[in-house]
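Before I ask anything, here is the structure I am working with.
The first chain written gets the first letter, and so on, giving A, B and C; residue counts start at 1 in each chain.
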Amino acid sequence: MPGSSLSRYLRIAAAWLVAGLFFFPIYYWTSVAFRDGRDIFSRPPKIFDFSPTLDNFQKVFGIHFGQGSLTVTPGGGNFYMAPRLWDSIVIGVGSTILAVAIATLAAYALSRIHFRARHSFVGWVLSTRMMPPVAVAIPMFFMYKTLGLLDTYLGMILIHALMNLPLAVLLMKSFFDDVPKEIDESAVVDGASRWLIFRRIVLPMARGGIAATAVLCFIFSWTEFLFALTLTQTQIKTVPVVSTTFVTSVGTAWGNMAALGAAAIVPAFIFVLAVQRHLVRGLTMGSLKQ
Amino acid sequence: MRDWQRKTYLASVTDRYVKGQMDRRSFLRAAGKLGLSVGALGAGFGLSGRRPFFNLAPSAFAEGSLEPSPEMMKWLADVGKPFAGTTLRLATESTPPSNAIANSLKPFFEKASGIKIEIEVLPLEQVLQKLTLDVASQLGTYDLYYIDQSWAANFSQDVFDPREQIKDKPDLAYPDYNIDDFLPPLVDGIAKYKDRWVGVPYDIPIFIMQYRKDIYDELGLKAPETMDELLTNSQKITEAKGPQLYGTTGQMKSGHYSLECDWTCWLWGHGGQIFDTDRKFVGNNDAGIKAIEYWDKLKKTMPPGVDGWTWDGEGQSVSQGVAASMLSWGEFFPFFDDPKSGKISGLMEAAVPPKAITLISPDKTGFGEIPGVGHQGGSSLAVSKYSKNPDAAWVFMQWATAADTQALITVLGGGTGPTRTSVYDDPRVKANARVGAGTTRHLPVVRETISKYMGSEPDLPEWAEISSDTIPVALGQYFAGQYDSPKAAMDDIKTKVEAVLKS
Amino acid sequence: MTTSDLVRRRVVSDHPLPWLMPLIAILVVFTIFPLVYNIWLSFHEFVPRRRALEWVGGRNWAQLWADTRFWQSLTVTFIYFGIALAVELVLGMAIALLLDADEPGFGFLRGILTMTLVIPPAIAGMMYLLMEDPQFGVISYVLKAIGLLSPATPILATTQYALAGVLLAEIWQWTPFMVLILLAGLRALPSEPYEAAMIDGASPWQTFWRLTMPMMSKVIAIAVLIRGIDLFRVFDYVFVMTSGGPGTATYTLSLYAWQQTFSFVKWGYGATLSLVMLLIVLIIANVFIKVAKVRW
């Protein structure tokens, strides 16, 4: 829709303004990571004119830039976060692979093979996301205890994959719906099996969709809190769980919390940026094809 | 000069230098007499202004002096031998003692005893969740329990009584443990439920009066000794300095436990009580109403927004120079002295809480409630009965709560309040009584408050719900103007509390 | 092709079951068990003194009717749900339309918007708690500076504003999610109808209502469904920012279920509340699927 150049510039300006408004809290929070207490809590609040410090990162990651001696601080503490970021990455990547693999298989069948209960089957899959996490956490705790999955990567990967499956199935189905059916129909005539068609023809064509699904699964796993809290103990800790430990009996270590938050945005954001283009395309969910 | 005397002297010199009562040259000369060259004092000088050197708290100590005593290390090595390779787990709130152990002291224990210890640091309500699941499943995931004073009733049957452990395991007992060293009011208020000890007192945050000396001096005020003085002082300050600076502050977030803590302080201070001997809620009697009326007046002298703050916002408001006093957690005092956290380093003074108008004696209350203006929020440490290694856990517990370790915790953990009498007199603790992060200069006040003014909440299994939901939600409604009168609010709380007790 | 090949193809790969098996297995194990367990739990209650669950019959269910906190929180939940969904949808649509162009840098702007999703909701709540603080918060400061808020008003501790304060965090974090879904739909629209409309001289307003909206209705329906399901369960913002206060002004059903379960160890009643939530969401979602004629 070409418009006059004035309206074009207005649109560009408005787009940057809107993105700026959404970005501001992220900027502000990141800047808190570089402040000491005086600059976080000042009246009026400081936006740009604070004196930057790396103290929060030193404390949170247990690294020392330059001279340092004893590490304990009132209200904070040295939480050695690097391993925790690693836990989040392992669980995020693991659960994403599992969820995408299972969802891809199922979604292909739902897209290509007609069976009577198909519509209600998808409805049922979606309904598994309606259960409040609070209601799942306690039975899961007892089940995991019996199975020995408590506090393990496998346990966390399974539960996060489960949580993401309904969304992943819907997304992947929409992508397969986008791949013209004529292609695999002609292959069937040629005598190729479903599995072969799936692996050699449909899957490669839906690569973008897999990327988009993966990003969303990864984001939801990265930010999940309740399962990560209930089903882990001392061995594994994800970023959201660790973040809450900065709320202490002698106040909240805001700077430390922000430092971990800022550091935790980076890996997730790299993942998102890498597949951003596929993401937008992938979210159509096939709803236009009917 | 003995070593600790040297340190005390250095600390006081440092204090004077920092406060600007001493010039740099005489400071360096004094430091030089102690055998410290400029280099040994650290890089702080080069960066003065931006980064005063006392930030490296606690700098009054030389490298290696803040380590467990050799006797302790030897005992750990002896007694820990059979348990070498065992792993112990503890879930605890993020408090100064736990952070000091997890971050600084743990390696000493592990090295000496060969026992590995994993500490899970969590916010308070998550600790409760983890312990409840552990108890309900009898899983024995955690060998040691961190038990807030308000949960003592719930977990009393799930942990060992430390007195029995001492008796039953003479070969594991630390000779210098001295269980009688724990401050008796803390044993009563925190650890004891009926006749059992639910672990030993581990941590003691307690309400003390903290105020800005400079503002009080400027306006010719003195530390409040009565409830009325606290109110008039606050009114004067707010009148003179508001809206830049307010007289006092609070932790009054609706629906949060902190609001209930503030309430008990005013309630007890006006001769009120939560439960009577028949275990009926009586917070709505005349004294209870007077307390709310007083609180209303006091709230007018607090900064707008106080009803959205927990202890974090309350502490920040003082630390950033928005409020000139608080009758609240003494744990915050060292934080106020930290020049990196706030704007009032060295300006705060501590005093015992103002006297109650009248005080109900504990034998007239129910559920073991002990009225007192100095509200305590302590916790205890105990060995779980479901632990698979109760003996190793007991060794750790003795170490973590021994006088020697507690002194280190107090200094390393940023001036938190010790639970043992002897630690208040420990030279290492006293040496840190100077202005700066992690100061211990408020501890004499904490000690006096514990022995004379301490108030303790009742012990009953329903208390978690009453104290962190029923009461603070209704009080939040009251301060949001949803009740016609204090009487209406308190009567409603009575109905609701009794409904919780009945179910 | 031999007969056995044909049989294998028909039985093994043309039947949906082998493809769906892993999905069905994981969903059955991980959702049927919690569901059954919760139903069982809703007829029991945890007794702290005995550290055990005890049969209480229908007490938990009967209790619901008389529980004013339940009805209050249900009301708040519906208000929260309605406002959040409406604002996220309208705002999301507006932003999606704005970004639906091939201008330089728009891909980057879409990436910027996605960043809000990467932050754990509990942390987003903390961010807004700090920014809305009446003394130190930058949002409060700006609102006061432009005269929208009187200086003595704390947003999150004032009954009229608290919900708006919480919704601000909610809407900030989830509008970009709507934008992504709607934008994907817009990008996939065919261009021919628009060319025809231009020739007919339709105004952009007419084009939007007569062309874009009808073609987008399925996408919108799915976006609303997905976000709606999640919205009902979200409690992080209220938990962190207001604890449901002042009073019960922002106390949602999911917060209530969480508190009953985890803070007060009333697992039975917590399970009952969870099941009620599940029922409500199931009913609303199914009615919505019927009314909006959502097909997969």
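One rule holds for everything that comes next: contacts are C-beta pairs under 8 Å (C-beta built on N, C-alpha and C of every residue); 3 or more make two chains touch, one makes a residue touch a chain.
Given the structure is predicted, the values throughout are model-derived calculations rather than measurements.
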Chain pair, A-C or A-B, that carries the greater number of C-beta contacts: A-C
Relative to chain A, chain with the most remote C-alpha centre: B
Separation of mean Cα positions, chain C and chain B [Å, integer]: 39
Rounded Å distance between chain A and chain C, as computed from the means of their C-alpha atoms: 15
Chain A and chain B: spacing of chain centres that average the CA atoms, whole Å: 38
Shared interface positions of chain C, touching two or more other chains: 135-136, 262
Where chain A touches two or more other chains at once, by residue number: 41-43, 138, 142, 244, 252
Sites on chain B at which at least two other chains make contact: 129, 316, 320, 322
Partner chain A, residues of chain B touching it in the complex: 42-43, 50, 56-59, 63, 66, 89, 91, 93-96, 99-100, 102-104, 118-124, 126, 129-130, 133, 137, 139, 141, 203, 205, 311-312, 315-316, 319-320, 322, 329, 331-332, 334-335, 338, 340-343, 377, 412-416, 437-438
Parts of chain A lying in touch with chain B, wherever the complex brings them together: 36-38, 41-43, 51, 55, 66-79, 138, 141-142, 145, 150, 229-230, 233-235, 244-252
Touching residues (chain side chain A, partner chain C) in the complex: 1, 8, 11-12, 14-16, 18-19, 22-23, 25-26, 28-29, 32, 40-45, 47, 101-103, 105-106, 108-110, 113, 115, 118-119, 121-123, 125-140, 142-143, 158-159, 161-162, 165, 167, 169-170, 173, 191, 193-195, 219, 222-225, 239-240, 243-244, 252, 254, 257, 261, 264-265, 268-269, 272-273, 276-277, 279-288, 290
Sites on chain C touched by chain A in the complex: 1, 8-9, 13-16, 19-20, 22-23, 26-27, 30-31, 33-35, 37-38, 41, 95, 98-99, 101, 103, 105-107, 109-123, 126-128, 130-131, 135-138, 141, 172, 175-176, 180-181, 183-185, 187-189, 194, 198, 204, 215, 218-219, 221-222, 225-226, 229-230, 232-233, 236, 254, 257-258, 261-262, 267, 270-271, 274-275, 277-278, 281-282, 285-286, 289, 294-296
Of chain C, residues touching chain B in the complex: 46, 48-49, 51-52, 133-136, 151-159, 242-249, 251, 259, 262-265
